[in-house]
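The block underneath contains the structure these notes are about, expressed in structure tokens.
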Amino acid sequence: MDSILQGLGQAFWLIITFDPDLYEIIAMSLRVSLSAVLVASAIGLPLGAWLAVNRFRWRRTTIAVLNALMGLPPVVVGLFVYLLLSRSGPFGVLGLLFTPSAMIIAQVIIITPLIASISHQAIRDLWAEYHDLLISMNATRGQRIRALLWDGRRALLTATLAGFGRAIGEVGAIMIVGGSIEHSTRVLTTAIALETSKGNLEFALGLGVVLIALAVAVNMTIHGLSGTERAPAW
Amino acid sequence: MDSILQGLGQAFWLIITFDPDLYEIIAMSLRVSLSAVLVASAIGLPLGAWLAVNRFRWRRTTIAVLNALMGLPPVVVGLFVYLLLSRSGPFGVLGLLFTPSAMIIAQVIIITPLIASISHQAIRDLWAEYHDLLISMNATRGQRIRALLWDGRRALLTATLAGFGRAIGEVGAIMIVGGSIEHSTRVLTTAIALETSKGNLEFALGLGVVLIALAVAVNMTIHGLSGTERAPAW
Amino acid sequence: PARAEVMRMAVTTSFENSGLADVLLPAIREDTGIEVQLVVVGTGQALRLGAAGDVDAVLVHARAAEEEFLAAGHGTHRREIMYNDFVLIGPQDDPAGIAGAESAAEALKRIAAAQALFVSRGDDSGTHKKELSLWSAAGIDPAGGWYRPIGAGMGAALNTASAMNAYVMSDRASWLNFGNKSDLALLFAGDPALFNQYAYIPVNPALHPHVRADLALRLEEWLVGARAKELINGYRVNGESLFVFNAVSK
Amino acid sequence: MSTLAGTLATGAAQGCEAGAGTRQPLLPLVLERAEARARGKLLIGPVDLTLGRSGFTIVMGPNGSGKTTLLRLMHGLQRLSAGTIRWNLPEPIARKRQAYVFQAPIMMRRSVLDSIAYPLLLRGTPRSEARARAADWAVRVGLGAALHRPAPVLSGGEKQKLALARALIGGPEILFLDEPCANLDGRATREIETILLDARAGGTRIVMATHDMGQARRLASEVLFLYGGRVHESGAAKGFFAAPETPEARAFMNGEIVE
Amino acid sequence: MSTLAGTLATGAAQGCEAGAGTRQPLLPLVLERAEARARGKLLIGPVDLTLGRSGFTIVMGPNGSGKTTLLRLMHGLQRLSAGTIRWNLPEPIARKRQAYVFQAPIMMRRSVLDSIAYPLLLRGTPRSEARARAADWAVRVGLGAALHRPAPVLSGGEKQKLALARALIGGPEILFLDEPCANLDGRATREIETILLDARAGGTRIVMATHDMGQARRLASEVLFLYGGRVHESGAAKGFFAAPETPEARAFMNGEIVE
């Protein structure tokens, strides 16, 4: 219990002393996670809507696979990306390994299924409501998807925020492809893992608290800006 | 690319040779993850419904925090649970550290916010539909929650499956509290991490493929049994 | 055999990576009836687990930290068991030309001079501490774009070096068991400065009454015994022996 | 229909599991300068109004005049922005003795039978008894053939019938109905009217919004004419239908332009 | 209302951005032994039916007789389980020239103005023009005061008006209406009827389900009487209202019990 309190104290101390290393790490965490969320949303949201709107032969299988991919083990994703980007891999020439780009790629792979799956669920309900109307108006597939994404934007925020949370808390994959190189690719989670392996558990916990605070702050800001949970459902 | 193909080959080989160690690890993975999902659903689903049904002062904050907790970094959770269960921690006397129970506890902490958050979103839509009716019928808070959970059971499945996916793919926390002890607490993800650190990337990837296949199989089975995506929305 | 008694021992990743455990544990079980559960973590974390009483003994390789641990009363005593050595790994074509170096310090100087990429564990582990002591022995304060502290375990460091085609210091066991060598090769070894002593420390039962001090002692006896000596000295990977048994019988 | 009347007469008493003889009356309901707003915009009010112990009140008025809002306000679904609403009993008790039929029927994702039985289950009636009574009611409103159909697939009129049965099964003391027959065919409308009149005879106070003049004339004992969010005219049905006092009500009755 | 008639007369032509003069007619629509089933259960059919080039068809029948299902089947929303449905044009073209007003209005989560403009936006009309025309239509159906209100908060009748404007704005060649005036007050009903008659005069074929006998008489040129999922009787309105041929239709017209 003492350790936990110490951890909280450490977190507080770190923040108020404005430790420049800490802020560098935070900035990298935000940069990587927000970029990953942007890319993953651009893929996942339309994909979720597309799956809600279309009936095709392998739909159930696709959705089950997507649900399963939500739990894609980060380490496996990390390995996969590592093998693709490593010098002997197919994209080795790009020299992306151990750069923020590599971390973003890994995170995109991890959170896209999550975003697609949650948004699919939200859109499915809205589609049940709009189905007859949009079909009757002879809206094209693209128009249907656009209408659903637009009118369901509030619910889609949850999907995006879930993706952000997952991304910023992720460690297994970015450790492998990013390498947690000091002043270069170190982010909060890999710093936490490092301090843990050093046995500096209180410090690690302190960083963890900083991370959670960061995630809460981003969530609150976005909820605040979008007004979800304040106004009625839309 | 070769490595990736080799990984697939390894996965195939592992499965058809019926490697007893592998099956032991798979069994432990399933045991831990399924137990965690059961417990987390028992907490998260009613919590999600409760949040959808109740209007209270800190509701928006609570929901933002819950969303943020979805991305609770596994390592931090692992640390936290470690500090609680360590012999010198408050629950040390229970001797739970490095046992499957400890891993289940950590996973419950990780996936409960996820399940609560996704189910909250699904229930919120259903509540918007049922609100007037249930209020008019003077249903008690508990009755409302029960009605929503029951009538929304299909959508809640997505929440539960998301939790399962997250649990079975989780590594950071269970590594810390479970210790990945051979023949005792080793699960698929920690085995993958171990093989990776040994540089046996193809083998690790093979285990990853096994893990994903397992997650897909569980998803398909449950979708199949429940008939989601086959019948209309309910 | 009858139902085994179970004890837990924290070991460092490099020990686990060597594969020696797979040979020792079944023999221990056979001879003593003890089932040793290995908790594989970083050196710092291993000592931390010992200090908290979460394991019954630790097997690590970081002299200074071990002594601190003992000084704080967390362990009963320290028993040296065996050693292996550290080696310098690097790209096969050896751009810094360390293969011909006289000493470890000389090799590191050449790397620094060539500004060749060097991956450091950067995690305060036994290996990392050793590396730092070697740098300071060479009179170099490693810094700059070529020096990459990655803050991770041995396996991760090797994987990173392999992908970057960089130099890296590793214990011999991890290197030999490492499966992702690609263009890397063992370039320098043999300097006595590269010795890596493993020591066994039972956790102090006075602080933690629940620890299985009895089992820890029985295990220690076995570890310093003849069977252990035979197995440790005889353990080979790719035909190379990894460890040298150097426990002193009391 | 004669068997219905008998059962229905005890409707109100059924709802109250204990102390029916001595219990306090729920009514009158008094609204004083009651207002309802949505995001600042005044929807209805100020409304001053007293609903007496018995009667069949028909609420009329053009589209958007506030009928639904007024009914919801009385039932406690619409938040009061100003003024007061008082039942003769404390609010929590009062809330238990009411039922409401919504303008757009809300269908739970359950079978017709389970949907109708649901209000009884909420009060702790054993499932088998609730089901039996629900089956009974389903037959009464003309859903006998649809017992095991999922409620959401019902036709528009069938949904309204379900909503009615669900509201009546608990034997409410006061029943609010918002255009309950809008999608019903002629025969069903008559049957429902009979059921409602029987319920009223059994002691249920009824407040109903409708656009059907014929129905209003057939059922009303009292009329509330809403116009622009206010009670523009009110009084006994006879007088109102014979000669509305205000020009707006007169124009409305003739289906003319009311500006 | 006179200005309306003028604009409406060109309704059908408006919908077709090109080649109005020479284009192929959409009708007749021919149903041959058409059936609709849900999970094996026969909902309607077999139906044999031809909808001619012009006219105002009123679909009548008791609740649950299949009116909605038949309209949806013709519009292509309900899957055909057996038989055929043929327009005079290939299906994809035919689908573009229809509009449908649902029994329960579907409100998008948008403002009234944007909701009415939406069908135009779908066809690529520039937003400003679509908005202008939508505002125009909103005024015609009596929603002039609610332009910027979110559609989901409208009153029941206002929602129906919105749905009507949204269906008419595209100038469909055939318009299906499923009890579009069920929640409208007397005046609004008359106004909508005028709009519909004007649209018909402008060349729009209309098929409408209603339970309002008066309305049916006022509007119908042709009647389809559904009973138990089949077209039980059909023919010119005059003959039907004067003397229905089948006893079921007669009973239905009198609001009596139809078994």
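Order of writing sets the chain letters: A, B, C, D and E. Residues in each chain are counted from 1.
Criterion: contacts are C-beta pairs under 8 Å (C-beta built on N, C-alpha and C of every residue); 3 or more make two chains touch, one makes a residue touch a chain.
Every value quoted in this text rests on a predicted model; they were computed, and no experiment measured them.
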Interchain contact steps from chain D to chain E (minimum; 1 if touching): 1
Identity of the chain that, by mean CA position, is farthest from chain E: C
Which two chains share the largest set of C-beta contact pairs: A-B
Whole-Å separation of chain centres (CA-atom averages), chain A against chain D: 50
Chain centre separation (chain C, chain D; CA means) in Å: 81
Inter-centroid spacing, chain C versus chain A (mean Cα positions, whole Å): 36
Touching two or more other chains - residue numbers and ranges from chain A: 82, 176, 193, 196, 201, 232-233
Per-residue overlap in chain D, given as positions that touch at least 2 other chains: none
Shared-contact residues (touching 2 or more other chains) in chain C: 41, 153, 156, 159, 162
Pairs of chains found to touch, sorted by chain label: A-B, A-C, A-E, B-C, B-D, D-E
Complex contact set, residues of chain A against chain C: 82, 85-88, 97-98, 175-176, 179-182, 184, 186, 190-191, 193-194, 196-201
Touching residues on chain A, where the partner in the complex is chain E: 129-130, 132-133, 135-140, 143, 147, 151, 232-234
Touching residues (chain side chain A, partner chain B) in the complex: 1, 3-4, 7, 59-61, 63-65, 67-76, 78-80, 82-84, 89-90, 114, 117-118, 121-122, 124-125, 128, 155, 158, 161-162, 164-172, 176, 188-189, 192-193, 196, 201, 204-205, 207-209, 211-212, 215-216, 218-220, 223, 229-230, 232-233
Residues of chain E touching chain A in the complex: 72, 75-77, 95-96, 98-100, 102, 106, 108-110, 118-119, 122, 150, 152
Residues of chain C defined as touching chain B within the complex: 8, 13, 16-17, 37-41, 51-54, 153-156, 158-159, 162, 177-181, 208, 210
